[in-house]
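The structure appears right after this line, and notes come after that.
Each chain carries a letter (A, B, C and D) given by its place in the written order, and its residues are counted from 1.
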Amino acid sequence: MPAHHLPIIVYYEDTDFSGVVYHANYLKYFERSREHMLGIQALARLYKEDGLGFVVYKIEMTFRRPAVHADELVVRSFSWTESPLRIVFDQSVWRGEDPKPLVKAQIELACVNRQGHPKLIPGSVLKIIEQFSPAPIA
Amino acid sequence: MPAHHLPIIVYYEDTDFSGVVYHANYLKYFERSREHMLGIQALARLYKEDGLGFVVYKIEMTFRRPAVHADELVVRSFSWTESPLRIVFDQSVWRGEDPKPLVKAQIELACVNRQGHPKLIPGSVLKIIEQFSPAPIA
Amino acid sequence: MPAHHLPIIVYYEDTDFSGVVYHANYLKYFERSREHMLGIQALARLYKEDGLGFVVYKIEMTFRRPAVHADELVVRSFSWTESPLRIVFDQSVWRGEDPKPLVKAQIELACVNRQGHPKLIPGSVLKIIEQFSPAPIA
Amino acid sequence: MPAHHLPIIVYYEDTDFSGVVYHANYLKYFERSREHMLGIQALARLYKEDGLGFVVYKIEMTFRRPAVHADELVVRSFSWTESPLRIVFDQSVWRGEDPKPLVKAQIELACVNRQGHPKLIPGSVLKIIEQFSPAPIA
């Protein structure tokens, strides 16, 4: 099954004085990608009409190589559900012809209402999650 | 009358790859200072209980010298009211013994309700604004 | 003469708890636009090879209406030179069919070397600046 | 052995429109804490004089409860070395009398030179790391 891909350009704002992308900003790249995967207008509507949103509850991230200003990156994302309440995203950042990702992460989210209480993932979201499911091993 | 002073330390997150503080981050420093001036708990209460907040509607800012990582800065702020709806903050960023500020700004805010409609500045806020009024010229 | 246009989508990261885009983030939108106008790869090369970059020294910005999560915005930019050392950008943020911009700004930049000393704007940059010059009044 | 504690106040800039602190910003809080632990001036000097810095290469983070605007938080940090090249920080964010942290993380850093090549952790840093080592189990 295909992954979701989002191109990202590294601007001044993304870097720090050591010359590379500030580590926390990769979480912004991953979050932007998830918004595009699930549909930004759909997410806005889900929050406004049904009071539902998604919160990150777990992150595992490893950094192999740094990105620098003007780099043209791609965020690659897969997703699946761990339970009716939780979604896992496998996300990584790639640059050009590099054979390995610069950064990779597994990020787990829960569906919550406005009071932060856990809620079932809506069917419309499940349908998208399945589209970006990693290929079955067998 | 005395100015309000807030110390700021420049962290990695504040800089960009050119080696200096990213220009937009001075607006964060100024905003933190305004929160401390008006009282952060008081601002949170005002929003929660009375549905009132403050929005920036005008900024004039000049940059004279850059700050760098590990700099220990001070934000100096004065304030006054232009009308029953609008507050002006005169804010500047200073470093050590430098005789002039690194950055200075005049930032104008309006009081609004949750729908973004203009509202009278509450008396509790006016009282604080007056405390940090610049010395009268005459 | 035509303006430069950059589309921007408002992500979670851009907003604050008052529900709208945090005011300092418009400076990021304007800066991204300037990078695209001047060419991000060209700017990276100019810094790396010639040690030249651009620093903001003056900002005037007014906020008319707020943007919210999921908004699809456009940054419109014009530019001209004030002197052989300084560039002015007239930039504004637009949403859909709104007849007026949400935010508009005049942002002035200087060309500097790595030590922060003023330098002549390179010819390659001047050529681009002229392309986005506002229409002559007469 | 004692942990390092850094107080943090939640400003507007830290939140997003869902009303809580944006998840990536906890990495900023952790990074500020590490800068204070190791000494911000010492880190600046180490980079300037010896060309040495620290890069994050692994993060594991879990989020239990959200922080909101005006919260007064404390970042608690422990540290130890995994090898002569790598430091581990055990960091968590606490609020008031809550018996459990809002967020906790294990963040691993490597010492690198300006070219990003791994280098031995300097003795001056090792000495500080040991001061904040968690109590021995046996």
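Keep this in mind: a contact is a pair of C-beta atoms (placed from the backbone, for glycine too) under 8 Å apart; a residue touches a chain by one contact, two chains touch by 3 or more.
Just so it is clear, the structure is predicted and the values come from calculations on it, not from any experiment.
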Note: of the two pairs A-D and A-C, more contacts are counted for A-D
From the C-alpha centres, identify the chain that is farthest from subunit B. A
Whole-Å distance, C-alpha centre of subunit A to that of subunit D, is 23
Averaging only over C-alpha atoms, locate the centres of subunit A and subunit C and give their separation in whole Å. 28
Which residues of subunit D are in contact with two or more other chains? 12-13, 18-20, 24, 28, 31, 47, 69
Would you mind writing out the residues of subunit D in touch with subunit C in their complex? 12-13, 15-20, 22, 24, 68-69
Subunit B-facing residues of subunit D, complex: 9, 11-13, 28, 31-32, 35, 40-41, 43-44, 47, 69-70
Residue numbers of subunit C touching subunit B in their complex, please. 18-20, 23-25, 27-28, 31, 47, 53, 55-66, 114, 116
